[in-house]
Amino acid sequence: MTTALEFRDVAKSFTLHLRGGTVLQVVLGATFSVAPGECAVLWGPSGAGKSSLLRMAYGNYRCDSGAILVRDGERVVDVARAAPRDVLALRARTMSYVSQFLRVIPRVSARDVVEAAGREGGLSEGEARDRAGDLLARLNLPERLWGLPPATFSGGEQQRVNIARGLIAPRPILLLDEPTASLDAENRAVVADLIAERRAAGAAILGIVHDAAMREAIGGRIIDVTAFGTARAA
Amino acid sequence: MSEAYNFAYLDEGTKRMIRRALLKAVAVPGYQVPFASREMPMPYGWGTGGVQVTAAILGRSDVLKVIDQGADDTTNAVSIRRFFAKTAGVATTTRTTEASVIQTRHRIPETPLHEGQTLVYQVPIPEPLRFLEPRETETRQMHALAEYGLMHVKLYEDISRHGHIATTYAYPVEVAGRYVMDPSPTPKFDNPKMDDCPALQLFGAGRERRIYAVPPYTTVRSLDFEDHPFRVQTFTEPCALCAARGHYLDEVVTDDAGGRMYICSDTDACETRREDVR
Amino acid sequence: MTPLLSAHGLTKSYGPRKACDGVDIDVTEGEVLAIVGESGSGKSTLLSMLAGELAPDDGAVRYRDREGRVRSLGEIGPAELRALARTDWGFVRQDAAQGLRMAVSAGGNVGERLMGLGQRHYGNIRAQALDWLDRVEIAADRIDDPPTRFSGGMRQRLQIARNLVTAPRLVLMDEPTSGLDVSVQARLLDLIRRLSGELGLAVVIVTHDLAVARLLSHRIAVMRAGKVVETGLTDQVLDDPADAYTQLLVSSVLAA
């Protein structure tokens, strides 16, 4: 497997027990791959299953059928079948996920949130500390905020903390869910640079990016997900 | 001796029951043996446990001494001595050396005890762990499994509060390397006398219905910390009456002007010394 | 890898009602497992059985000891079981009065396990107590205060110090954050997460609060009427619940 991440005939549905067992088929026959050093962008209208695909790759959503193969060093792990502990190991070593929302323990400071993510990703204490500072500075988060818990931050500030947290450890696969949705142009450009650097360093990147300029900036190959959602329309 | 009573007040069946408990207590030093404590013609807290033990072991040829806080002449000591003189007709004495059975509340005589003597302690609360663990089911488990860390918590609390182990009486001891035991509210001054003592030591708790024992020549070790070792009280002054040093002294207020003197709590030891001087 | 603690088919009935019904669960070093469910779902009964405090009617709890032997709690004698409970395991109770000695100073509470292990040097015991009070963010000058003078949050932190002082490998927690103010809760959550990570503890935490489970645990088991209805990665179960009851539980939470 020369790819870093591969979806093979992946299907995903939701059974809504609270709505009389309605079944929503959100993904069917999803097949694609992302190579190291490649950036791919999931493309399709809202509700087409982009987010579900990304979350399945991270093990956050279950997968009904098919395989989601992740290269983890010398071995390949099927996230669709992996035990929870193996998924956690993948998250620690191999996959970063930057979501739209920041979910952290309320009292922890922004800098500590980012540093902790670095240590969990295998950085030494010193490296984590230095990189956290670098990242927050590059993302233009005012230094006076670093020591404060992000719960009180604006949406854009929270998102920058989230990006720093997702990018601090140099994991070979990067999953991005609208990382720049609440950022201004200047900070979007910073994020685009950071992503480009990771890509140049050989990371495989899979993302959802609605903003056309941002897509352009990170040079993403388009994966059209409407092809995987046909059964639902039918 | 009054003919109205069975010998030593209790009936023979009861005395046999108590002696069986005593045998078990001697066989398992420091272990609290439950026994069917009887109502005695005195209030709880006046030595009902000690009296029952004494009644159970007393023979016609015994010579009985009774002390309360070391004194032979207090109400409690006098009453118990008269009680056995009346119900058992045994000889009584105030002399430690002459007594074969000594019932005591809160002291061990200063005069070293010898083989063949029996010291009977009156015990209010036999469970040393109760201070920190009120559940009897739990303290029994702790004794059974020799889990005595909690006993040191009590001593820890002492040091943290007072800078030293401030427990001065009912100071917990470990008996024969196994059971931790409450020595009854004797001053810790007396604890060393329990160790390797030639006399048999019996403990009776009437209200709590427990009997325990330390057989002759048994190791009795006072609990402590390496950096806060066990120490007995010391007195700077000698006894004002007999000039003894190394005896446990009571403070006696002599007038309304704050005058006070320190005298031996053991009245027999004090008098004996004074007689010897004369 | 063999789990540190594993339960198979754990069943316990109170009269005709099955409080626990064939529960399988395991946890290993460095892992936090949350058991969630409504009151009466059997969470606390399960925890008592995992702690060896309650004997199951059926099934077994197995523990891998420090020598690597996997042993059934039912086959370990009471003396050793109690020794394990105060050295290898910790139990943080919902009601601090159940988990602390309320009449004993904070230092004595932390030192008790050390004295239980046979430590007899006051200065060393006190130094360790001070170190642990510091780690759970209780000021050194409170060491001689009894927990009756502590706030709810401090009491829980003291419980944690009291349990962790012997470097246990497994810590069971029964609703440790319930009844605390939200801000106090957050501080406690941060502490538990930090310590469990630093010390590589296996933690089983019973909670009815899904937010607590999400922030602290790696894996989750959802209980209902004595059965585990769903188990898996915490974020997966909470974000993509498959079981009807889990969906109800997740959808019932007020979003903050």
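Going in written order, the chains are labelled A, B and C, and every chain counts its residues from 1.
One rule holds in what follows: a residue touches a chain if its C-beta (ideal position, glycine included) is under 8 Å from a C-beta of that chain, and two chains touch if they have at least 3 such contacts.
No experiment lies behind these values; they were computed from the predicted model shown.
Novice: Would you mind checking which chain's mean C-alpha position lies nearest the centre of all protein C-alpha atoms?
Specialist: Going by the distance between chain centres and the overall C-alpha centre, it is C.
Novice: From chain C, which chain is the farthest off, judged by mean CA positions?
Specialist: B
Novice: Between chain A and chain C, what distance separates the C-alpha centroids? Give it in angstrom.
Specialist: The separation of the two C-alpha centroids amounts to 32 Å.
Novice: If you average the CA atoms of chain B and of chain C, how many Å lie between those two points?
Specialist: Chain centroid spacing, chain B to chain C, equals 45 Å.
Novice: Whole-Å distance, chain A centre to chain B centre, using C-alpha means?
Specialist: Those two chain centres are 76 Å apart.
Novice: List the residues on chain C that touch chain B in their complex, please.
Specialist: Those residues of chain C that touch chain B are 78-79, 82, 101, 103-105, 107-108, 111-118, 120-123, 125-126, 143-144.
Novice: If we count contacts the way the header does, which residues on chain B are in touch with chain C in the complex?
Specialist: Those in contact with chain C are residues 132, 141, 145, 147, 149-150, 152-153, 156-157, 159-161, 224-228.
Novice: Using the touch definition up top, name the residues of chain C that touch chain A in the complex.
Specialist: Result: residues 28, 31, 182-183, 186-187, 189-190, 193, 214-215, 218-219, 232-233, 235-236, 239-240, 242-244, 247-248, 251 of chain C touch chain A.
Novice: Which residues of chain A touch chain C in the complex?
Specialist: Spelled out, the residues of chain A in touch with chain C are 14-18, 55, 59-62, 84-85, 87-88, 103-108.
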